[in-house]
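By written order: A, B, C and D. Residues from 1 in each chain.
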Amino acid sequence: MPNSFGHLFRITTWGESHGPSIGVVVDGCPPRLPLTEADIQADLDRRRPGQSDITTPRKESDKVEFLSGLFDGRTTGQPLAMLVRNSDQRPEAYSEMQTAFRPSHADFTYQTKFGIRDHRGGGRSSARETIGRVAGGAIARKILALAGEVEIRAFVTHIHHIAAPSLDHFPTLAEVEANAVRCPHGPTAEKMIEAIKQARSEGDSVGGIIECRVRRLPVGLGEPVFDRLEADLAKAMLSLPATKGFEIGSGFTGTLLKGSQHNDAFIVRDGAVHTATNKSGGVQGGISNGEELVFRVAFKPTATILQNQATVDVQGQPTELHARGRHDPCVVPRAVVIVEAMTALVLLDHWMRHSAQNRTFQF
Amino acid sequence: MPNSFGHLFRITTWGESHGPSIGVVVDGCPPRLPLTEADIQADLDRRRPGQSDITTPRKESDKVEFLSGLFDGRTTGQPLAMLVRNSDQRPEAYSEMQTAFRPSHADFTYQTKFGIRDHRGGGRSSARETIGRVAGGAIARKILALAGEVEIRAFVTHIHHIAAPSLDHFPTLAEVEANAVRCPHGPTAEKMIEAIKQARSEGDSVGGIIECRVRRLPVGLGEPVFDRLEADLAKAMLSLPATKGFEIGSGFTGTLLKGSQHNDAFIVRDGAVHTATNKSGGVQGGISNGEELVFRVAFKPTATILQNQATVDVQGQPTELHARGRHDPCVVPRAVVIVEAMTALVLLDHWMRHSAQNRTFQF
Amino acid sequence: MPNSFGHLFRITTWGESHGPSIGVVVDGCPPRLPLTEADIQADLDRRRPGQSDITTPRKESDKVEFLSGLFDGRTTGQPLAMLVRNSDQRPEAYSEMQTAFRPSHADFTYQTKFGIRDHRGGGRSSARETIGRVAGGAIARKILALAGEVEIRAFVTHIHHIAAPSLDHFPTLAEVEANAVRCPHGPTAEKMIEAIKQARSEGDSVGGIIECRVRRLPVGLGEPVFDRLEADLAKAMLSLPATKGFEIGSGFTGTLLKGSQHNDAFIVRDGAVHTATNKSGGVQGGISNGEELVFRVAFKPTATILQNQATVDVQGQPTELHARGRHDPCVVPRAVVIVEAMTALVLLDHWMRHSAQNRTFQF
Amino acid sequence: MPNSFGHLFRITTWGESHGPSIGVVVDGCPPRLPLTEADIQADLDRRRPGQSDITTPRKESDKVEFLSGLFDGRTTGQPLAMLVRNSDQRPEAYSEMQTAFRPSHADFTYQTKFGIRDHRGGGRSSARETIGRVAGGAIARKILALAGEVEIRAFVTHIHHIAAPSLDHFPTLAEVEANAVRCPHGPTAEKMIEAIKQARSEGDSVGGIIECRVRRLPVGLGEPVFDRLEADLAKAMLSLPATKGFEIGSGFTGTLLKGSQHNDAFIVRDGAVHTATNKSGGVQGGISNGEELVFRVAFKPTATILQNQATVDVQGQPTELHARGRHDPCVVPRAVVIVEAMTALVLLDHWMRHSAQNRTFQF
């Protein structure tokens, strides 16, 4: 179903930008996991609006409330529901959306598909929907950390024309969180912030690229032929609002290499099989090979801009949209934690699938 | 399950490179569709090896046989199984794969994950697996054509460093099939063929990029928030062997634009709502908007090369792999029909889902 | 996943007897359906405890709150979440359950399976879990009524040794609701109520049988070979707490007939194909045949009794359980609306599946 | 999808009575299982027609052929496809079915639902469809036996009015196979065989009841709230042709007991927690409790009889059906192995689910 994600560890999300609440049910969470609201809140705080001067000024505390599934501070194996109430709603700020379709938004397609549309703040198509993903992903991330010290780190590598130099190490959380744009290369981050502020001052917006790396992943995650690890990661990333591309390992530029340059030779390091290079990005034949998982996601510039735009109204007549209200000139920095959450969901689900299929029975 | 794809129109595939057969069950095929083996064979012939002098010389006729689901030349709504027998097997050509892991192949990950591996020709990880996809996709494509004259056309835009100029029209099938490399721009195609032959002569390989376009798609296909149309396309493409990237519409280069440059203004054309540009690539908010669907897929250079490579054997000892045997220096031209097949499967499945959800009841 | 039910119209439920809340997400609800909390509350009120003097005295108002998915009083096609807060919790009344396994309850199996258990009121294994099913089922029932005037009516036919005479007509809601036990035959209902009161006075409990009938169902619902209509109904009913059996049409006693007695001859009535008899119970070959759907569900006597029972404690030592607290001597009357809700969920889901598969395309 | 069954161990079946073949794909089979065609053939031979003088004389050897998924005599974790060719087809014997709907068969519902129907031998609605189930079930049964010495034994307890005495022990396979009717009580079996021969001589048919028992099942299989073990067993059984009822443990007659009589007291036996009685039938709260699993399935008398019957033709006109041809006066004895196969499929799938959810991680 369209609002569920995962097979053995599955989230089902609900909620609109200006409805009463956003929420998520996590089904399949292993029992006995110690869990508190603080485990969830940390990631929600990295996602919420208003956290820095380069994001939307919408004020939401995004406090999570557990609705079920816990006993004595541990999960019970039963569905775990979590709720975040919407508070800073200004539906009057969206009256022009009621009649005119915002270019490159979901207004026209939702109206045509469903014959009805909650126009307030984009309704279900708003990025506020990702709160449920982040809350569910925070649990998955905790399990992965406890089970195998798996670490997931996303960060910004490009904002508009500004590109960070290639990273020579696995960045720490502190490095990523050291600046508002979540680029671990400080000097580049400053330029990115400038670019975002510049776009905002023009009533315009910019996009960018997020890279995500995962280390200490075991060999064996991924289920060919259709549920390859990179296939499920690609689906997870392209299911996020504003994403236009996904690549793993060498990606699109890998097409410029020959096979003899691209192949990752196997070597023995510390008594274990490794690859000398990592063009594969941690996945071979659809299955994790124990190397660092490395992929990138492209985010288009935010569709909401504070400039007049030609468009069409719900009666199909040409009109002009005079945008106003709150405006997030670049969603990329806040998307870092969302990318991590989706990654955690994919990896945990595959871990459980791998275990069920390959470790339940020994013949 | 890992070998099934689709929700309402679902294929389940089986088969290894050197096992007895490759096959597919199609479940959910609408009843009363006229269907003959010729409908399937046309696409299988575009996929099969040995069709030109730039592909692997493996000789397979890849003749399809219907095993069930037809009556009086029409589908019955019951599962439709199709079988292709493997014939040109040379298992002795793969003896070195039995003990050594081929770099950037699935040998190591399959062996580690499953604890067993059919090493002959890569077993299930061979691209022969895609026969089932192409057979199932041929049915989906026929239904889409009958239902809405939907046309799906993939073609090669890049081989190694050679890039075709941007296409100013929706290419005909004849244009794509006019040359062995399936690039509709003749002069570029010639250079691409040269590059592939050059790689083959070096015992090396090259990769490339396929673009896929779809026209006459209705508005409304795609199921947010997780089953967005582009998310399911991304999954479909990254589930193919040798793919490393996916992008839709403006893709990665779209991150270099500002919102005011990237947004697709709505206009009225021929009495219907359209967009003036198509940076969105035919999808907004995860739902088709009636414009041409445009996406690209990156294929890495084939991992099989006829050069000596450093690697590790199944006992974990360093060794050198002396490759020999048949060798496909570039899989991209043959992958064109596979990309089309997966696209057809995604689109038909979404068409049926859209219909079930939004057209069954009128309130 | 274990807490989701349905393919195209799917509910996902959460909540424990003594947790903060019980809730449900409905995914796949067709858009534009007019819906208010009153549509849900009516069925919840038929389910809630304390509605008569033969049910548990637990006091719960079970007021439903919409959390998402509505706009201007209509569904939007987006997930619809509903919440009921638990209020009358007396966790102290369950202290003995913490250490001793109640016979024929889920205490032992939950503890062994999950390694942890919310013992308060049975936690997730409590029948309070069915609130989410009833809330989701109320929406399905409304859609079925609007779409085809489909009517679903369940009622009690047996309580302990007391059996109602076979019903010669499709009972009205008023007939069923005319007494506390929900048996449409008044004189029998009185005896049933007496039997329940007698059991309660003994600190004992009784079970019974519910029959469910559905009329005006179209021909064609059911998806062989595995998703036959009766198979999904059987699963739905056996997924309810305390159920031990399901039969459709002639059921177990049909095994006493010969084929010549059991076969339902086809006849023409009012210009349409019907059957002269209905031993099939409205389903042939796994597909609804347009006749009345008739099935029965067996409910065991409630496991909770106010008598001392031999049992084992969590350390695996023999002990005796001294039950006390609130006690529902017979769950069957309250289960009537739960059976209807599950029936509605199965039928609507199959309606949508039938439509997607067989009505989307005409060849 | 309607022709797939299972979540982690999944079969997808295809094939019609008079099409080219019947087959099955098994997806999710754990790797490294030793497997030969003999493992499958043994169960297929117990299912096939013509094995005794009380079944249909249709001659089918039902030889199974592996199409994929094996290497060196072991499963590889890849999809395992199996094929059985149809041979004894007499389509001319079914000409009258082409125009007239056989009473209590699937002819009318298939024709109406799909708008097309393979009338030869019932097409997909024929019990030949169960070959795929038996083949897949044979693998599941082997895994269960290897993993936990789990034993599944079904047998006939009722044929028409003839009831076997209650069994005081877990019957051996030899006891069940000692006679053609598969009732382990010899004197009763003789009467049953007489009853079946009598029905055949009258051109009539009889039904009956199969009981299935499973021993050495671990505690913990079953996934509340919807995927309770008994719910999935009920679905599995009601998905079989000709079934009309399912009950577990005390079943329908359990409604005649009071709670104090029905509850299964917990005791300690051989140092482990057991129940003194087994009214629960091996399942509590939807989860196996380690006791013997005991359930029963009702099969109606075969709809095919060799007597004239009133019916309606495909134009909706009254007509009379003059049946002729081969005729199975009682399907119950052959259904024994099919019940076992479906049971094995349900149990193995739940074993793998339980393992994934509860044993992958220890906190």
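Just so it is clear, a contact is a pair of C-beta atoms (placed from the backbone, for glycine too) under 8 Å apart; a residue touches a chain by one contact, two chains touch by 3 or more.
Because the structure is a prediction, the values reported are computed rather than measured.
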item	value
Far-end chain from subunit A, centres as C-alpha averages	D
A-C or B-C - the one linked by more C-beta pairs in contact	A-C
CA centroid of subunit B to CA centroid of subunit C, Å	45
Distance between the centres, which are taken as Cα means, of subunit B and subunit A, whole angstrom	26
Chain centre separation in whole Å, for subunit C relative to subunit A (CA means)	39
Subunit A: positions in contact with at least two other chains	1-4, 8, 13, 28, 31-32, 74, 77, 113-115, 124, 358
List of subunit A residues in touch with subunit B within their complex	1-5, 13, 101, 103-110, 112-115, 124-125, 129, 158, 160-161, 199, 202, 204-209, 219-220, 222-228, 230-239, 241, 243-252, 254-268, 271-273, 275-276, 279-281, 284-289, 298-305, 307, 309-312, 316-318, 354, 358
Interfacial residue positions of subunit C with respect to subunit A in the complex	1-4, 7-8, 10, 12-16, 19-23, 25, 27-28, 31-32, 65-72, 74-81, 83, 113-118, 123-124
Residue ranges of subunit C touching subunit B (in the complex, touch as defined)	8, 28, 30-34, 74, 77, 143, 146-147, 351-353, 355-363
